[in-house]
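What follows is a set of structures to go through.
Each of the next two complexes has chain A plus one more chain, namely chain B in the first and chain C in the second.
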Partner chain A sequence: MADLPAIYLRLISARIRAQLQYRLSFLLDVLGSFFLTIIDFLAIIVIFYHLPALAGWTLEEVAFLYGTSYVIFKLVDMLIGHLDGLGDQVQAGQFDMIMVRPLGALFQVVTLDFGMRQLGAVLQGLIIFGLALWRVDIDWNTGRVLLLAQMPFSGALIFASVWVAGHTIIFWITRGREAINAFTYGGNMFTTYPIQIYGAWLRRLLAFIIPLAFVNYLPALYILDKPNPLGVPDALRFASPLVAVIAAIVAWRLWNFGVRHYRSTGS
Partner chain B sequence: MRLYWEVAVRGFRRYTTYRAATLAGIFTNTIFGFMRAYVMLALFDAVTEVGGYDVADALTYTFLAQGLIMVAYLWGWWDVAITIRSGDVVTDFYRPFDYQAYWLAQDLGRALYHAVARGIPPFVVGMLVFDVRLPLSPLVWVAFLVSIALAATVSFAMRFMVNLSAFWLLDYRGPGRLAAALWTALSGFAVPVAFFPEGIGAVVSLLPFVALFEVPVDIFLERQSGTGAAGALLFQAGWALVLLAAGRWMLAAARRKVVIQGG
Partner chain C sequence: MAIITVQDLEKTFAVSRRREGARGLIGRLARETVQVRAVDGISFAVKRGEMVGYIGPNGAGKSTTIKMLTGILVPSGGTVQVMDLDPSRRRIDVARRIGVVFGQRSQLWWDLPLADSFALLRHIYRIPEQRYRANVAQFTELLDLGGFLQTPVRQLSLGQRMRGELTAALLHDPEILYLDEPTIGLDVVAKARIREFLAQLNVDRGVTVLLTTHDMGDIERLCSRMLVIDHGRVIYDGDVQAIKERYGGERTLIVDLEEPGPPIDVPGARVVKVDGPRQWLRFHRTDATAASLVAAVAARARLLDLTIEEPAIEDIVRRIYEGEAAWEASTA
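Showing the complex of A and B:
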């Protein structure tokens, strides 16, 4: 077994160095990513201009969801968002090359790029999250601190699992990429609002079958001391780490199943 | 004229080949439409009217906006910038056609395809699940279709200029993203401009960005009827002309730059 972390660091630092060569365009890219994403929060502010609370959640509480969702999602996007290019690689026959190399296919696809520009999006998420923490009254105790501290890890694992599991369909439908956006970027949007606002079937699909509720909403119910209007067991508020591990195992199995199914386009 | 017609037809056909991609895109635009619709329902659960919209208006707006995404095509059109980067643009300059008109024709062909294939399905699905509004008067439908064509033209004129910026800046993606941020925030796509605080909304309504989403949607919702709708179309047409002219001016400057550098 090769020393994967060392190889990873080497490849990624090369990608980062390459992106930093063009200072101005890198800076514009980060700025663009900052402004393009913060619009989603401006839209939330516009909505709250007309009402004090959305489904019982104040602007500050929604900002807590928004900030956690964006920081976690965009960090994952930075690490593996270039999985979006998988369809093009399969189409162009580049995936054949990946199959013959002595490293895992997922590892290779993930190390093809590194989304440095997402720093802009992560930064705006951090700013909104900071504002939320400052404005929201949280009755801090050890449990709440621990629950908040685990959110980036289980949240990232869940988002990454969605990304990986979703992209297995590329091995069957090469041009299916845009459908996956509904669950990756859509998952980001889904988790910026309190999920009780969504209709029952959409919520079942995106919150529990695809376990996006465990990214931030369910832990937030406990951290912000909100009622649990969905009628799910209260214990689920603490289940994120377990759910994240299960999601990762399922995604890993699906991915391997997809890779085994892969047939070269022959081009 | 014949040439541009043929170019437009090819622009249309180029996209008809990718059926799976079209279906995948429809699916995602529709899912996002549902999420946005539920946000609207949560908003209108607390209030009955926002900026002149009632809940049916807001739901109609949501699915129209989702359907118009690919017509406006704001987030990933770099066809011109790519030829600038590769240098192919120079040969295109020597071809016997009007450079801007050529790209406009191709993009309008594309926009027509996307209006039909990507615009109608999300709206129809939205209509089946939510209570949306449909205009009864055929005149409103005609005005709406004209408004979409003008929206596509304004959108092209703006994207064309952002692409041309590649002549001066090495990279086009950063400026492209900044432009896309402006478009998304101020066009009425992220949230209707009618929902903005009044003073801000009044200023934003004068900018060309509202020609992309807010104006066609308002015509569809009959917020502007009769002469108001005609005025709205004139507003779009006026901005289309101004922005196309600005693009031509930029193009002339870019040509001089190419000549100075020796092509």
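Showing the complex of A and C:
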């Protein structure tokens, strides 16, 4: 167990070396991910071209949500986004070989690749986040600093949990990839806007059942000193770490349950 | 001391199928779920150091059994004990002590040189540096890997890759080696080399081997015991030699005569085939010796050439299957 980080680094660095063999295509991938994702922010700017505020949020405040969502989500994507290849692996029976090695199955799937190209999107998110911090007037105190500092950790754990829990479905429905993407990539989009703009049902599902509101929206209410319009207890603004740990436990259990239902293939 | 114990093992797959005889659009879209009993109550035990052939026709349940022994699949019923552990509950502990080669899958890193795959496995299995070096050196020599250790795996030929897979499965000194069709698709030379290697491995290191194959040559060369399964059940478990004797007492004398003629009538044998001047005479060891038959044939016709065919295990296995089928039919 103690040497897992070392094994992780070895496996990942083998992947990175393989990717860097093709320098040009690697650079193009990074640039591509930078520009493709910045289009999402342009869409927000277009909205604000017509409106002074979105559900009471200024452009700078939405940029805060956007930046935190993107940086956190894309970092998770970089680390475990290749989980979306699980369906192909299971279908080809290649998951068999993962099961005969003395390492956790999730650990092995996650170390099969490394999404270096997501660096472009992370950078893009960081720039937007930096701009937001610069333009928004935050009344800093210890609580706000701490709340901001924990966001990447809780947020990443929540996104990662969605990713892992979602992909558990693959053990029953091998072609479930698109449906799962609705929650992973969809979750990224969802958390770039203030969630009171969504309909009640979608909000209940994505913000609280799948606890995406705890990634950035609820902490942001306190950090940016916004009113709490959803009628949820004010304390929830500080509950992200707890929720993240619970989400991770649930996802881990689901994953193990799924692995025990792996059927392999007939040939 | 049994290293593998399997008791009443079962695996059922729910498979959804189009309804049979369905008509119309709705009928064709409607699917039904059927339960495929891939492994249907198998029991056996393997002793430490044994080399067992696990054979049977396509779809018999061989791979499914191996997947339960390795912890890939969770059994639907019955129990498995491998080195006193339940593989589906203690998958990782079992994995540390077994090696697996599936002819249809690869455990090597496709875009890395073979040597790099080995290096990664060293860390995954936490193999002590010295053991690792000694093993790589030994397998490189025995399997002649030297020429392609630095070649990316995707560029290897099937035979080269299989030798790499075997090494990869053995670097951590496993106590049990599971081989599911390790010689599939290989040419005669490559097969022979792998058989040699496995035989030696079993002698030198005492590794227990469970081998699945459709090539009876593998079994004859390597295994003293075989388990024959069909429709998820064991239909034979015992000596390879004994089964050869029980079902394979009959040999065939093939004679090339100077001229085509009617079937030769000699006591103790019967002609089963005639093709121009060539005739096939089947005889049982208890009724005649090859020498006496040859003499009898030579007394009746001019003999140019002859060969004696030993029964192939394929035939024997087919006869076990047929015997089983007949037996089932008679008790049904």
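One rule holds in what follows: the second predicted complex is superposed on the first by the 265 of 267 C-alpha atoms of A that agree within 3 Å, B and C clash if a C-alpha of one lies under 4 Å from a C-alpha of the other, contacts with A are read in each partner's own complex, and residues count from 1 in each chain.
FYI, a residue touches a chain if its C-beta (ideal position, glycine included) is under 8 Å from a C-beta of that chain, and two chains touch if they have at least 3 such contacts.
Source: prediction; values computed, not measured.
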Next item on the list: With everything superposed onto chain A, say whether chain B and chain C fit together or clash.
Entry: fit
Note to self: If you tally the residues of chain A touched by each partner, is the higher count for chain B or for chain C?
What the structure shows: B
Next item on the list: Go through the superposed model and pick first if A:Ile47 touches only chain B, second if only chain C, both, or neither.
Entry: first
Next item on the list: Name the contact category of A:Val145: first (chain B only), second (chain C only), both, or neither.
Entry: neither
Note to self: For A:Leu4 in the superposed arrangement: first (chain B), second (chain C), both or neither?
What the structure shows: neither
Margin query: Contact-wise, after the overlay, does A:Leu242 reach chain B, chain C, both or neither (first, second, both, neither)?
Written below: neither
Notebook entry, point to check: Between chain B (first) and chain C (second), which does A:Ile16 come into contact with in this model arrangement: first, second, both, or neither?
Noted result: neither
Next item on the list: Give, as a whole number of angstrom, the minimum Cα separation of chain B and chain C in the superposed three-chain arrangement.
Entry: 11
Note to self: Going by the contact rule set out above, which residues of chain A touch chain C in the complex?
What the structure shows: 3, 6-7, 10-11, 14, 18, 93-94, 96-97, 99-104, 260-264, 266-267
Notebook entry, point to check: Which bits of chain B are touching chain A when the two form their complex?
Noted result: 18, 20-21, 23-25, 27-28, 31-32, 34-35, 38-39, 41-43, 45-47, 50, 169-171, 173-178, 180-181, 184-185, 190-191, 195-197
Item checked: Complex contact set, residues of chain C against chain A -> 13, 59, 67, 70-74, 88, 91-93, 95-96, 98, 100, 102, 104-107, 109, 111-112, 116, 120, 123-126
Next item on the list: Under the touch definition given earlier, write down the residues of chain A that touch chain B in their complex.
Entry: 22, 24-29, 31-33, 35-36, 39-40, 42-43, 46-47, 49-51, 53-55, 173-182, 186, 189-190, 193, 197-199, 202
